[in-house]
């Protein structure tokens, strides 16, 4: 039969192509660490087997990828996939039971928008058990700029709000000049870049602008940008925009600012001395944060208007959202195993070099306890 | 003849005036030559530039044996190493499933249009619908499958869902090219077959389709090449996995376009940037290989008519 | 003024019924058969078809009833006919299903919409009072695609003419292949290349044009040095569709009957006059339809546009300049696909997708209409780009 012949030839052709191209059978790379000895698929008590799928915040992508890599050195038989499509997508996919846990830049919302609230839908997905908000990665948000010859830039909340609102339009505006005495600022207009997709970074940053902008920021904090400027897609887009555009500024996760070699503004939080963005200064701001969730729900409320000396106030807490109960047993074991590693000192230590801030010990132990309570 | 009449005005100004000064005509000719060569040069610059960018930045990883045999498991954007095996396999698997669904429908649909429904209202309706399908942007096809597969049926996002949306994109391409090829099969062949008492369905399968076989294969391969480079359905319908997953019905799956899409957010980091260009080059080579294959198959299967 | 008489051109005898005319004109040679399908020898098929011109010609004109079959193979026949019809029906069902489904998802959102869907440029779907309109999306989508066409089509025609009638044969084939290969570059790569490598060199062009013509709102340059503007996206789109338009145009130009060309040359026409008199009229409809297919592709392009274009903020007044940012239907949907968290919101984007679908369809239909009415050549180029490319590639091989 010719149709069959057609199909057969087509199939064989493509298959043989694949075989040709991939004459060696595919495999996963050897773990790069030395911790796992040859040929031992370490199946210890805390190393189950299987596949975990997760999705959500792109702000924690680099962190979770690093932790997955490290985790696989320990537990080689667990496959963890993380799809960094955004917090909203993560929660949506989690609630639709498409993934085993979600990453999100904000805790599940408890107030109902239309229909059930996020938290209620998530509880339904967990067979009527609460879903936990587990703070896991602290990502400082940098105000990144690209101005020739400007190595150091100091901003405070009000000035930042004015720049991003569009009321301060040039680099040599008196507001900026006052904070940067002795620095020659160009007279060029400021090109602002913002995230054109809805993002937790935008939400946290606008929370900061609203809290410490002294009324200069007129919009409500939201995932969608309401200020001035030109929008680019995702963190990579805004970082690239600033990199390629002179006299521009944006807000972006710290690691993108560092990787793209952009200038990072120091923030005068009102304490008098400008604070440079470091893991330490970001950690200090987190210490001012409060856990607002009850029991094992660890949703946090950050104090964006903190005036503590040496605290860098613009930080982003990304959560892992997981079922407290209600997943199938093998998935529960996997979730517990992976998240425990994520919250361990080991897991958190690897984040510093990626320009994230580790969880302070006090919060980390709470997170760990919450994870252990998952059943 | 109304067609002709409608066309006439376009020609009125184009009569050859051979009595003009030959200097002016020669000048025009030279000018046209210069412009055409210039257009060629202008076109070639960006096209070569793109190819050069991809090849020069991507070739080195392709010579690494691991590139063809390993996945990206445990490899982060800051680390070298790993390969594209998971993505190549994912792309091939999804492409093959797409072809397995789209090709029979497309060929049978074309057979219907050419052999059975010719000129009927029903055939015109089918033809019209194929036209509509040609106009469906990939993102709309992906949204549709998302709505059906996940919202209505409540299934998980898997490679198969991607294949379903790619079917919508591949179907009209293959159907149209097959239709054109079947139309070129001379009716004498059919009539000779009928005259020998061969039933119509056997005539189609044994005479018509084999005659057009080469062209059909070419169409299939090109349709496949087109859908393999699609990004939008992959973003919406399957999670990207850095691990090897050869099961299109379960779990996330890697693919070359999504591999590019993942690492392109970290272009500032060298290992990620290298992988972006290498994956792009791999995809181009894969498509190129398919095209060459199609040509080979077409050439060998061509029915000699003398 | 004269032309060859009504005898069929030697290399394309099957191209139509040659009709001797009292006042023969070139285009009269190729009157398309009004009834019955005109044969089109594209690409690969041309290779076989040229071997047996009389047969093919007969096939084209044979429109009489098919031979009815005897009882032999009745069951098989019915089965197979059923299968074929079923496939045809399946295509209809799929399209109807897609249409109905998307409409069903879009209508509730449209019903809740508080502002004019067609004329508003606000985009705030979801929430208590969803307000969204496609005016700005429509403008950017159409303007960027049209600029892409204006740039790409003349160049594509030039390249096609170069490879068919100017370049030495040895050069033409590899060049044709190289250009075809570019149709295989994934669009995500065009986007990356466009923003990283190409946009910086467009900077002076943007400054120059806006400096000279900036008093026109369309060329007005907003403050700042942003290169992610509609113009940049348009140029990259032009580069993206260039291979497609070139491939189809080239194939059609190559099919110009040799009698037309040699007739012109024999009259003493220069090469350009030959092209103007014989090749361009013959290929006109084909070029139009190739352009329309390119336009369709530009309209629906997603990832490349998403990477390049910067999005204007909601506070600034609307800027019609091609040197400002913008969003197209496809880029808007792709950029926000992650946040489809409520049916209303999803419906709004699906409604936008439907408009894109309708616009693309109208463009494709226009192309088809123009081609169906095509006088000169009577040739119908491929309806879709890939098949066109196929034929073109095969043509190059043959």
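Labels for the chains are A, B and C, by order of writing; each one numbers its residues from 1.
Here, contacts are C-beta pairs under 8 Å (C-beta built on N, C-alpha and C of every residue); 3 or more make two chains touch, one makes a residue touch a chain.
As the structure is a prediction and not an experimental result, all values here were calculated from the model.
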item	value
Comparison of A-C and B-C (more C-beta pairs in contact)	B-C
Centre-most chain [mean C-alpha coordinates]	B
Chain A and chain B: spacing of chain centres that average the CA atoms, whole Å	37
Centre-of-Cα separation between chain C and chain B, whole angstrom	14
Averaged-CA centre spacing for the pair chain C and chain A, given as whole angstrom	41
Touching two or more other chains - residue numbers and ranges from chain A	85, 240
Shared interface positions of chain C, touching two or more other chains	196, 307, 337
Multi-partner residues of chain B (at least 2 other chains)	104, 108, 205, 235, 264, 267
Residues of chain B that touch chain A when the two form their complex	65-66, 68-79, 81-83, 85-86, 88-89, 92, 95-96, 99-100, 103-104, 107-108, 150, 154, 156-157, 205-206, 209-210, 213, 216-217, 220-221, 224, 235, 239-244, 251-252, 262, 264-269, 286, 289-290, 293, 297, 301
Of chain C, residues touching chain A in the complex	127, 195-196, 199-200, 223-228, 306-307, 310-316, 325, 327, 335-342, 344
Of chain B, residues touching chain C in the complex	1, 3-4, 6-7, 10-11, 14-16, 18, 25-26, 28-29, 31-33, 35-40, 42-44, 46-51, 53-54, 104-106, 108-109, 111-113, 115-117, 122-123, 125-126, 129-141, 143-144, 147-148, 168, 171-173, 175-177, 180-181, 183-188, 190-191, 194-195, 197-202, 204-205, 214-215, 218-219, 222-223, 225-226, 229, 231-232, 235-236, 256-257, 260-261, 264, 267, 276, 280, 283-284, 287-288, 291, 294-295, 298-299, 302-303, 305-306
Complex interface listing, chain A residues touching chain C	85-86, 88-89, 91-92, 113-114, 166, 169, 189-191, 193-194, 196-198, 223, 225-233, 237, 240-241, 244-248
Contact footprint of chain B on chain A as seen in their complex	1-3, 5-7, 9-11, 13-15, 17-18, 21-29, 31-32, 51, 53, 55, 58, 61-62, 65-66, 68-69, 72-73, 79, 81, 83-85, 93, 96-99, 234-236, 239-240, 243, 256, 259-261, 354
